[in-house]
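Two complexes follow with subunit A in common, the first pairing it with subunit B and the second with subunit C.
Then we have the complex of A and B:
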C-alpha cells in the first residue's frame, strides 16, 4: 500500500514537473507576443501631408520638401493657435543623391518619426519630370506606408514652394490641394492623377502617363492691402503633363484637357463658350451635361483608324444675345456651334498629343488591342510611332435640352413697346 | 467517442484552407505569367481542383474508416504506408512554407516591417499548436465563422473598388494563348492541393459519408466563386501589370480601395477579416502534418506529434520566408511539381491500385466491419 502511494507520489511529481516545464515554455514564448514590437504612437509621428520633389543644388541630387501637420495648431475651422506656435504646418526640406537619402536626412532633423500614411499629394518639379520619374514611381510604390490613391502632380514652379503655400479655405495646404482635385472633374481643367494610375500607365505596354499640373498664381487678395488687388499666391490647376515612358515631353493647357479626359476618364459636366445664335459677334455660355464618349477602332487594309463619338446634352446658362429655346432655328444654330467648337477643341488636343508628343495618353492602344488582339501583336512593339500617324476622327452630336429656368429670351421690355 | 465534424464544417474548412493564399500571392504569380488572363487561369484551376477533390473522396470512400495514409498501409503494407505518411508530411512542410509566406508578407511587409521574423513564426506556432490540443472541432467551428468574415471582406472590397473598375483590362481574353493560360493554372492548383490533401486526411471524421462527394465538390465550387472575384478585380482595377508587380497583389487592391472619403486603405480591415482563413490554414497544416508524423512513427494519438512536427514546419518556413527571393523561387518553381505530384499522385495511385487489390480491400473492409 505504502509502495503504491510512494509510486503515485513519484509519478505525480514527474507529471507536475512536466506541466511546470510546459507552462514555463509557454510563458517564455508569450513574451514576444506582448504587442509592443513596431508600435507607432501618434505623438511620436511627424504626419506628412504633402511632399515636393525638386532638383538639388548639386548635379544629380534631389531635394525633398515635406509638409508636416502640427495637429495641435490645425484644430478647428480657423487653425487658431491652440498649440501656441501659430503655424498649422511645419515645412522642412533636405537634399540627397536619392529620395531615400534625402528622407533619411529629414529624419535626422525631425524630432518625430516621418510618417507617410496620410500624405495627400506628391508634387514633382517639371525639370525633375523631364529627366525621368521612374525612380520616384519606384520609391513611392515600394513604400508600404503610402496610399496608392495619393495624388501626383507636376509644377513649373518650385515644388517646395507649392508644398508650403496655404491655398483656399483649408489650413493644411496638402489637404487643400487634395480638395482642389476632388472637384476638378467639374471644371475639367486638369487630370485626376494618382499613384496607382501613374504606376499602371508607366507599366503598361501601350498607354503613357498623364499627370495633373499645378501652378502658383497671384489670386488672393490680402485683406490688409486690398487696394493692391490680388497679391498673394494661390495654387491653381493648370492642365496636365504628358509623359513618354517616365519623361515629361509636353504640357496640355487647361482648355485642351476636355479632349484628353474624354478618352481617358468619364467626362463630367462642363462649361463651353459658343457663338451666339442670333449674333455671331457675341458669345453664349452653355453647360454640357450627360456626356457620353465612345471610341471605336477599325482595321482595314492594314490601316488603323479610330472613330470617337461624343453625345452631349446642352443647357444654356448665359445667353449673350437673344435666345429662346422654342426657336428651332436658333437652337439648331447653337447646336452646330457647340458641335463645331467641341470638335475643334478635341481635335486640337488630339493633334498636339499625336504629332508633337507621340505619347498615347488616350489609351487607344488598349482600345485597339481589345478589338483586334491578333493584329495588336504586330503593332505593339512600335505603337508610339504608329499612334502618331493613326487617323482619329471625332464626331460630336449635341442637343439643346434646356434654357435653365427661362423660356422666353431676356430682352428689354422697351424694345417690345417700341415695336408696338 | 470519436471526434466528428459536420459536412458544413468540412466545406468551411475547404474554403478557408484556400482563400488567404489564393487571392493575393497566387494571383501575383499567375499575373506574372499570363497578365490579364489570370482570372481565366483561376477558373481552370478551380475545375481541376474539383476533379481532384472528387478523386480523393472516391478513394477514401472505399474504406471510409481510414485516411489516405491508412489506405496505403492497408493495401501495400506497413512500410509503404509509412512512406506515404512521409510524403504527406513533406507536402505539408511545403504547404506551410507557402502559407507562412502569405502570413508574413501580409503582416510584416505592410504593418510591422521592424518586427523580427521569428515573432510571426513563433506566433503562428503557438496559435496552431494551442488550437490543435483542443482538437479539429474547435478549428472547424472557427472556420465556419471565417466564412462570414471572408464574405464580408469580399463585399467591402467590391464596393470600394468597383468605381475604378475598367473592363477593358480584362479584354481580350486568352491574350497569352489558351495553352499558356491553362498551364498557369498550376500555381492555383497548389492551393487546391492543400484543400484536397486536407480532405484526404480528415474525411474519415466527417459525419455524413453519403454526402462526402457533394460537400467536397460544393466546398470547391463555393471557394471558386469567392476567390474568382479577386483576379477579376485585380485585373480591372489595378491592371495586370500592377498586379504582377507585387508579391501580394490583393494588398495593393486593399491599399487603393475606398468607400466615399473616409473609408480607405483597407489593409487593416483586410487583415482582420482574412485572419481566420490564414489561421485555419496554419492550424489545419499543423494537424495534417501531425497526423502524418503520428503514422510515420506509429503513435496512437497525433497530439504528441504536434510540437515536433510544428517545430519542423516552423523551422522550414523561417528559412524559406526570411529571403523574399527564395520564398518566391520555391513557390513559383519547385513547390508546384512537388505539391501536385503528391496531391494528385497519391490518390491516383490508390485509385488505380484499388482496382488490382479489390479483393484485399473488401476483405479488410469486412474485417473492420466484423471488429466494429
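Then we have the complex of A and C:
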C-alpha cells in the first residue's frame, strides 16, 4: 500500500475557481438589493418652519397648526419656472385627541411628508399652557427629528394666527420669529427659551420653566394704505410666562424682565430712564454697558440668603437737561438715581416671582446647590417653599463712564450770552 | 520565436553570409544591401546592410567612403600591412565613432533592425556592427502633460539615449548607474534602469530587474505596458508606479533613492517605488518659495478631497440627511429641485457622465476646435440643461467644482484613477446615505493602506508615520531644513551640510574681528597717525580693517585650496601675522564665555526668585540681599 505522500491541494483547480467567481457574482448582485432604503428626496418633504398648538373645539383636543415653506417662492428660481404663486408659506391646521394624532391628520392634508428637522419655533397658546405642557414637552423631546434648540414661546392670542402671520423682514415668518430673539438681550423685554432649556428646567428638582411670550400687535403700516396708519399685525416680544411644574401660573410684563434676565441669562446693554440731576422734571436716558451680575448664596444658622450684585457702566445717551460729565455732583446724583431705579425694577420682579408665583425661575436652587452641595440635600425636597421665604438682597453699583460723544452739556448758546 | 539562428555564426565566405542575412530579412523595400570592393590591389568584396530610415545616411556614407576610398588611400600611402584583415579594418580603415566585431548571426540581425549597419568582408569570419543610428525624432520640448510656471521646460522625447542624457546632465555623480535590458519578443524594446548606487535600498534594483525579466510578451509599445506587467496590485484602481515626462522629476526621484525605468519610444519614464502623496506634489512646489509652495500644496490636498467626495456628500445629504443641511441652504437646494424629475443620485450620475463625455471629446478633437468646444460646451450645456429642467442649478455647480478640482492633480494618470474611484463612492452614498459613504470610503482607505509599492507602504509617510519624512508631506519645509533623505533610501542618508540656514553676516562678530585687527596692527596705525589726519586715519584704518578681514578670509580659503605657491606664503606672513586667526577665534570664544556666564547668572537669579510674584517683591529681595552682603562685607 503506497502512502499518499502527495497532498491534495485545498484551494485550487478549475472547479474551485468557477465557484469563487460564482460566489463573488452573487455577492456583488446582493449589494443593490438594499435599494435606497431610507431615502427621502428633498422635494418630497414639507419643511415645517413653525408649529402652533391651540385648544381644539372639543374639550381635551389639541389643534396643531403648521407653517410649511414653499421653496420655490421662498428662494426664487433661476431655472425653469416652478409654479411660483407668490406665497412663501403654506399654512394648515388639524385637530386631534393628542398632538401625535393631530400631526397624523396633517399628513392627510399635506402632499409631502411633514419634516420637522428645520423647525424654528413652537408657539403654545396660554390656555393650553395653563392646563399643562407636559405632553408637549414629551412629544417634542422624543421626536428624533426635532432640534433641541427650537424656540418655545407662549402667546395669549391664537397660536394658529401667530404661525400664519407674515411678519418681520425675513422671507419666512418662522425664521423671522426665531431672529426676533437675537437682540432680545438688548431690549430686555423677553428671555430666550428653547426646548433644551425648557426640558432642563422641567426635569430639574429646583428650577421652574420660564417661556418667552409673544403677542400680535398692529404695528405694520401698509405702504399702499399709509393713511390708515399701523393696520397690519406683527409679532412682538412681550415678557415671559412663569410656570410651575408644567402649568402656567403667571405672566411677567416686559418692564419686569430685566431682573429675570439678569439671573438667568447674561444681561446685555440696556436702556434706562432716570431723572435729571439738575432738573428733576426732565429725564435723562442712560445706557447700561458691560453689566456684570453675580449671585452668592450664604448659609448661616440654617438660614439661606442670597446676595445679588450688579455692576454697570453708565453712559449718557440722551440728556434732556444740561448735564456735564465733569461735574462730580451731577454724576453722583445720576449714579444714585440709576442705582435706585435699577434696584427697584429688579426687586419688583423678584418679589413678584417669589411671593406671587413662588416659582424659582431664577435658578437660585442651582446656585445654592453649587456652593453648598451637602446642605442642599436637606432642602431640595421643599425648595419652592424655601424659595418663597428666602431673603434676596440686590445691590447695584453704577459708574458713569462716558457721555458718548459729548462732554459738555448741550445748551443753547444764547443762554450763556444772556447770562453774561 | 524560434532560435535556430542563434547558433548560426558568420563564416568566411561573403556569399554565404549574405545569403543568411537576406534569407532572414527577405525583401523589404527599406532593407538596403550595398556591395563594395575594398583595397584596389587585393579586390576584397564587402557588403553593407542597413535599413533605410533607421540608419543615418551620413554615417553610412562614411563607412562607404572609408571602405572604398579613404581607407584604401591610407593603406596604400602608408604601406600598412597587417596580417589579419580584421585587424586592418579595425585599426586603420573604419572611421566611425563606435563599432564592434560580432560573430553571431542573431546579433547581426538585431543590429540591422535597430538602425545600425552590418559590414561583411569576404575572408573575415566576424562581421562589423557599426553604429549608424539616426532617425527623425521630436526635439526636446516642453512636456505636454506636466507644465510648470517655474522650472526647467525640457521634457523627455521618444529617444531613450536623449532621455538618459537629460537625466545624466542633472546628476553628475559617478554613482549614477544605468543598466540596459531588452523586453518584448518581437519589439525588443530597449529598457534602461537608472539608479544612484549608494542611495538605493538593498534589493530594490534586483527586485526591479527580476520583475522586468519576468515579462514575456511579444511587444512593448509604451511604458504603460510595463507598468501593468510589474505592478504590485494588478486589480487596484490606485497606480503604484509613477510615470513622468519631466527630467527634473526623475532626477529628484533618483536623489531620493528611487529607481527610474526608461523605455524606448516613449517619453514617459517610470519611477518606483511610489507614495500616493507624490501624485499630489508638483515640481512647482519645490522651485517656488516654501511658503507659496506649501500653500499651493494644501490647495491641492483640498482639491483632491473635494474631487473625491463632494458629489457623494451632496447626494448623501440631499437624499438621506436633510437635517444636516443648514436651513437656508436646504431651502435653496429644495427650490432648485422642485421641477427636476430625477432622484438626486440619477441626476448626479447623469451630470458626471456628461462631464466625462465633454472632457473626453475635448481631448480627441483637433486643438483649435477642442478648446472652444470644451469651454463653451460645458457652460452652454449646463445652462441649457438647467433651463430645460433636467438638472438643478446646484448640481451643475457641484459637478463643475468637482471637475475643476480633479484637474488640479498634477499627475495625469493619478487623476484618472481618482476619477474612477469617485463613481463607486457616489453610488454607495446614493444607495445608503452616510452608511454607504462611510463603508465605501473605509473600504477604499483600507485597500489603500494595504498596498505596497515595491516594498514601500503606499500611504507613507502618513502611515506608518515617519517623523523624519514629514518635512515634505503636508507642507514643504525650506531647503535648509530638509537634512535627510526619505526613509526609503538606504546608505548615504545625509543630504545637507551643517548650518545651512542662511542669514545676513553678524555685525557683532565683524566688529570684534575689526577691533581685533586694529589693535593688533598698532604699529602701522601709529605710523598713519603720524602721517595723516585723524579722520582719514580712522577711515583708513576702517578700510584697512575690512581689507584685513577680507585678506584673512582669502588666506583661509587659499590655505584650504591648494592653489597657493610657496613664493607668496612668506609675503603674506609679514603683512598679516599668522597668529591672527587664532586671536580672532579667542575673541569670539571670550564673547561666548561671557554670554554663557550671563545666562548662568540669569538662571540662578530666576531660581532664587521663583516664589516672588510681583516686581516690587523682587525689588525688596534685591534690597535685602544688598543689605545682607554689605552686612557681611
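One rule holds in what follows: the second predicted complex is superposed on the first by the 380 of 420 C-alpha atoms of A that agree within 3 Å, B and C clash if a C-alpha of one lies under 4 Å from a C-alpha of the other, contacts with A are read in each partner's own complex, and residues count from 1 in each chain.
Following the convention adopted for this analysis, a residue touches a chain if its C-beta (ideal position, glycine included) is under 8 Å from a C-beta of that chain, and two chains touch if they have at least 3 such contacts.
What you see is a predicted model; the values in this text were computed from it and never measured.
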item: Touched partner set for A:199, first subunit B, second subunit C, both or neither; value: first
item: Touched partner set for A:312, first subunit B, second subunit C, both or neither; value: neither
item: Touching partner for A:159 - first (subunit B), second (subunit C), both, neither; value: neither
item: Partner chain in contact with A:47 - subunit B first, subunit C second, else both or neither; value: second
item: Which of subunit B and subunit C A:37 touches, first, second, both or neither; value: both
item: First (subunit B), second (subunit C), both or neither touched by A:366; value: first
item: Partner chain(s) touched by A:117 [first = subunit B, second = subunit C, both, neither]; value: both
item: Which superposed partner A:342 touches (first subunit B, second subunit C, both, neither); value: neither
item: Comparing the two partners subunit B and subunit C, which touches a greater set of residues in subunit A; value: C
item: Subunit C-contacting residues of subunit A that also contact subunit B; value: 32, 37-38, 117, 147
item: Complex interface listing, subunit B residues touching subunit A; value: 109-116, 118-119, 122-123, 126, 164, 168-169, 171-172, 175, 238-239, 241-242, 245, 252, 255-256, 258, 261, 264-265
item: Interfacial residue positions of subunit C with respect to subunit A in the complex; value: 318-320, 322-323, 327, 330-340, 343-345, 386-389, 392-393, 430-433
item: Residue ranges of subunit A in contact with subunit C within the complex; value: 32, 34-43, 45, 47, 69, 71-72, 74-83, 115, 117-118, 120, 145, 147, 172, 175
item: Subunit B contact footprint on subunit A (complex, rising order); value: 26, 29-30, 32-33, 37-38, 117, 141, 144, 147-149, 182, 196, 199-200, 203-205, 363, 366-367, 369-371, 373
